[in-house]
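Each of the next two complexes has chain A plus one more chain, namely chain B in the first and chain C in the second.
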Partner chain A sequence: MKTALPAIGKSSRKRRETVLVMAFTLPSLVLFVMFMIVPIFGAMYLSLTKWSGAGAIKFIGIDNYTNLLHNRDFWISFKNSLILIALHLIFQLTLALFFSYLLYRTRPGMRFFRSVFFLPSVISATAIGVMFSLLFNADLGPINYTLHKIGLDSWALPWLSNKTTVLFVVSFIIIWQFIGYHVVIILAGMKAIPEEIIESAIIDGANTVVLFFRVVYPLIKDMLQVSIIFMVTGCLKAFDHSYVMTMGGPGVSSSFLAVFMYKQAYSRQKLGLGSAAGLVILLLAFICTRIINWIFYHKDEESVT
Partner chain B sequence: MKQNNRVIKRNRHFRPKECIFLVLKLAILGIFAVTTLAPFLWVLLSSFKTNSEIYGQPFSLPHQYQIDAFLQAWKGGGLSQSLINSLFYCAMAVMLVLILSSMTSYRFAKIRPSKALYAFFSFGLLIPLHAVLIPLNVLYSRIGLGNTRTALIIAYAVSNLSMSIFILTAFMRNLPDELLQAAEIDGCSGFQAFARVGLPLSKPALATAGMLAFVNCWNDLLLGMTICSKANLHTISLAVYNLRASFSDDYNVLTAGITIMIIPAVIVYTLFQEQVIQGMTAGAIKG
Partner chain C sequence: MSKKVNMKKCVGGVVLSLVMTTAMGMSAMADEIPTIRFAHQDTASSEGMQVIVDTLDDYIASVADKYIVEQEVVAGDDLKTKIATDMASDNLPDIMWYWGAASDAGNMIDADLLITVDEFFEASEKLSRDSFKESLWDQITVNGKNYCLPVDNLESNWVVNTSILDELGIEMPTTYNELIAVSDQINEAGYIPIAMGCKGGNPGHWWVDSIYAQYEGSRDELLDISESWNIDTENFRKTLQVVSDLREANCLPQDTIANGDWGPYWALFTEGKALFSWSWAGGIAGIGDNFDWELCDMLKVDETDADVSNMSEPYCGAGLLINKKSFNDEAKRAAIVDFVEWYCSSEFQAVTFINDGVVPTLVDCDYDESQVDPIVQEVVSRNSTREGLITHMATIPNASVWADYQNGLDEFIAGTMTIDEYIEYVQDSLESNRE
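For the complex of A and B:
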């Protein structure tokens, strides 16, 4: 290697580098294209067809999409997903902000509480789903047991088979599981605020509430933006909890878009319609991300002027 | 940061009002910590109880710690097979994704950066799994990989590839060029410089990316359910899900199943807490 003549050395070095670049890129690229990019195009194609998984694939144009627009179950799942997003923004965001600020202002125990709060995010949604379906079971579950014990018999509802309660129970379990996740993200934003800014605000007489709204909040906007994007896209992908606890039921009362997609494709063998629903999820995730970025961008503009 | 804290503490005089506030704050945090942990504690305790004990006194400690439920879930529920399956899938997928992404990231960071190609890989971060799930399964059965371990491992690796490249490239960009050049001057080939110097220096980022991939694979339900439907290939998620059908009223077996499934994740979290948190929040928090 070292004995090669400079002129040859240069071109062979270049050639060897190219070989290395290829060897380092191609394996990832091939797998990524084959099992991520090709399937997206596959989904686009399938969404224009009628196919049960076996037999001939029939091309039907945009019929699947018009079918979705007239599908009652799709709209209920869509509405449920929107409710899930709204509940996340109302409860998960508020609680995550509250607890991260509380942690930020409470130095002792910060690391301990942070790791405890994050724990459920690491645990499988399947396990959490089964766990809460036991806890909320109408006859055997400890929650109704307790309600009966303290005399609130009328409160002991069949949580997961009641059409009005089921969506909220499933939603709040998802919210509960990932509060700690957002606490960690927002807390990281708060910790990045220079100490001097906080100190001088306190010296100027800012109390905890004023400090939050006037000093901390404007400085963690970037992190909030990320948190909100994760919340919304996470909601659009919500599947495990609902599927494990209720299979989206009773009927479709706790079905979300991803549950609808799965059921169309794998319980009803409508691969075309399922693919169309999958692409709708993809599209909504893009649109929501753009909207959130736009809102935060415009807020910044306003605060400047 | 730590130094700053110390300065503040030293300057701060002891005041009773602040003390009360501190206790109040800790109490609120404590209550939330309890609501976070209580359900898991209930599961753990119930798995050692008999069914009648769970129904009659759901919140009591077990009169006698019994492991029957664990044996039932382990043997009758098929958790033994699926636990081994999932450990195998996770280990292979984590290895595959780390090998692939470390090489590609090294290329982006140190050999020949390419904005376009990097953006192409980053595109994967935006794609929800759901959009590719159905065609992916169709593709697998077309190329003869339907219902195979290989198919699931590839799916796990590819679904974590973009994030892993994102984490590793960001880290490797900060590796000192001098060290890698010195290795090449000492006679290492480009590949040896990567394997002997670049990789060992990237251990923290490899741990972060690896932990993220492990947690994602271990907790996956959807991919495992659709790709590996044959009973002997089931993932742990699917086995725990199926327990509910076969042991619907046996709360002790179900809670034992949940406990078995949770333990590996909790062990990993306890041992590699910072890496797990860093990995899972890597898309949000830089550095």
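For the complex of A and C:
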């Protein structure tokens, strides 16, 4: 015989569930507040001050932000970060989509190649930076050596000392290293597509290209959104490769916003200005994430209507 | 009733254990030995450094019954980042191996975080100002005072690859114009006239200062920077013009960023790819015998009357800094004095000289000459009677300006900034940081 649970039992169960949820989320919430939220407020305060890290902290209002607006190096780093984002969206996203679809459609060896693609992502950025510094060394490196040997002398440039090439070299390396990371994310999305949908599309005569654009792409949009957000926010905090290979130089030619922030805070010992730059990065990451979410949401809305 | 008894027992037990714990804690505190934190950059990166690190560890172990030394080791310029972070979090180590000029330690000095060496000497029975070679103090004088006990004393020299001279059948150039004259021949043979790069200012700023020092009056200009806050002098412009001419004549590596910093530029020479280069004695001792080479004078700037046979470029800009707050802590002071006395002792300086080519800073340092690398010995004796030049690193009065000086120099030496742009960049930095 079935009997309805008494109301008091429901509320007690709900309370127990709430306690359980709290018990599980509270530790991470406390850590998140301690190590993310509190430092953000700390940085907000510091960004309104002039401080070298020692001695008295001087409150200067929004002077650091005004300084950023008139700082040539900040705008070059800002532009470089935007170029890095654009290059990521054009090349890294396209290549990650291509490779993940290739792996998805070519089942034999998929696991092996997935690991191969992912491998560079787990290597330290410092090691990658040092390795590519040697490869691109115009005087000792194998790239220019090969170019000279095959008669392409005019192509043998001082890659890391040339203002025009250095940004693209550093960007190329970052793009190369993390393609596999996005391949894994996008591939996970593809693997979640029910097999029957793919089979029926093939029975209906869809070729590989049609299958991708009409079936796969619409069904992996959520994963793409995640991937793009990681790409863009990763570009905004890009630091290691640029710092290891060129220290952001020559000058600030290969400096990104995070390199600029680090140099202000540590090399120039201007913690206030560095904090202001850090908050600009945070704000940009927030704005970019909102825009990406809006674009994907907007497209979804359009497709529904 | 029995519940009440149990409760009483329970409370009694808790109180008893609290009392015991407190008593034990207090007794431990009474016997507690001080702990001092020592930040430095000595890592076992070579056989020689391994000996130095072992000697340091042995001493720390030997005094463990009197005080504990916690080592905080960060190699290279990253030590600056560590100290900046420690400083901002009011967690400065008690003793720091650090760069002592205003360009690096200026903020700590301005914030009154360090003791002067004289305060230390007052507390020390073993060391006094006279214990150290007098010539060393110039590079670490800030506002007329010394805060750094000099221990990192390096001698440098220029070197020439004589195998390349023999192969090309050319006389050794002794001036920059002579080098420019044979630059094409050297390049065509696949060699680089001067192995020099500049990333983060290193080692390019040392080279630029070796040119600047040859102009009459440059020493006074450098010593005056903290007063004049001016870098735009005729001598400095002429210096940059020499650098620019050399770059135009392909006397430098094509890629001065990739070949910048301490390892890569030197690899060009040690790999036999360059005719000239410059390094510290320890580096020169490691060249090996894959090709013939010899020590030589720095190249002369043709338009000057400088006597390069009497010039050297020593460095003693780093040493031990002592945290004022820690030194004023009675519980720590004796430990700090003892450890610093040992670190500056003849015994430890002999170990660093023999194993890493760091020249003793003490007037009287006993070491077994036969154990010192003969090349290091030769560099030291060669420079012993020469006049040591002063550098921008020792005289630029502010960390921000020094960072901008180095940053701009990377760009200038790479050829992506003109002389005017570079001077304007550094001068702007000097003016905006002048307070």
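Methods note: the second predicted complex is superposed on the first by the 268 of 305 C-alpha atoms of A that agree within 3 Å, B and C clash if a C-alpha of one lies under 4 Å from a C-alpha of the other, contacts with A are read in each partner's own complex, and residues count from 1 in each chain.
One rule holds for everything that comes next: a residue touches a chain if its C-beta (ideal position, glycine included) is under 8 Å from a C-beta of that chain, and two chains touch if they have at least 3 such contacts.
Every value quoted in this text rests on a predicted model; they were computed, and no experiment measured them.
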| item | value |
| --- | --- |
| Clash or fit, chain B versus chain C on superposed chain A | clash |
| Contacts of A:Phe136 with chain B and chain C, given as first, second, both or neither | second |
| More chain A residues in contact - chain B or chain C | B |
| Partner chain in contact with A:Ser124 - chain B first, chain C second, else both or neither | first |
| Contacts of A:Leu271 with chain B and chain C, given as first, second, both or neither | both |
| Partner chain(s) touched by A:Lys263 [first = chain B, second = chain C, both, neither] | second |
| First, second, both or neither for A:Gly249, with chain B first and chain C second | second |
| Partner chain(s) touched by A:Ser52 [first = chain B, second = chain C, both, neither] | second |
| First, second, both or neither for A:Trp159, with chain B first and chain C second | second |
| Selected from 40-48, 328-336, 364-372 or 382-390: the stretch of chain C that, after superposition, runs into chain B | 40-48 |
| Touching both chain C and chain B, counted on chain A across the two superposed complexes | 53, 133, 140, 265-266, 271 |
| Sites on chain B touched by chain A in the complex | 1, 4-5, 8, 22, 25-26, 28-29, 32-33, 35-37, 39-40, 42-43, 54-55, 58-59, 100-101, 103-104, 106-107, 111-112, 117, 121, 124, 126-136, 138-139, 154-155, 157-159, 161-162, 165, 187, 189-191, 194, 215, 218-219, 221-222, 226, 237, 240-241, 243-244, 249, 251, 254-255, 257-258, 261-262, 265-266, 268-269, 273, 276-277, 280-281, 283-285 |
| Touching residues on chain A, where the partner in the complex is chain B | 1-2, 16-17, 20-21, 23-25, 27-29, 31-32, 34-36, 38-43, 45-46, 53, 99, 102-103, 105-109, 113, 115-127, 130-135, 140, 142, 145-146, 176, 180-181, 184-185, 188, 191, 195, 199, 223, 226-227, 230, 233, 236-237, 239-240, 243-244, 258, 261-262, 265-266, 271, 274-275, 278-279, 281-282, 285-286, 289 |
| Residues of chain A defined as touching chain C within the complex | 51-55, 133, 136-141, 158-163, 166, 245-247, 249-253, 263, 265-271 |
| Contacting residues of chain C [partner chain A, same complex] | 80-81, 84-85, 87-88, 107-108, 110-113, 192, 199-200, 253-259, 264, 267-268, 271, 273, 399-400, 403-404, 407-408, 410-411, 414-417 |
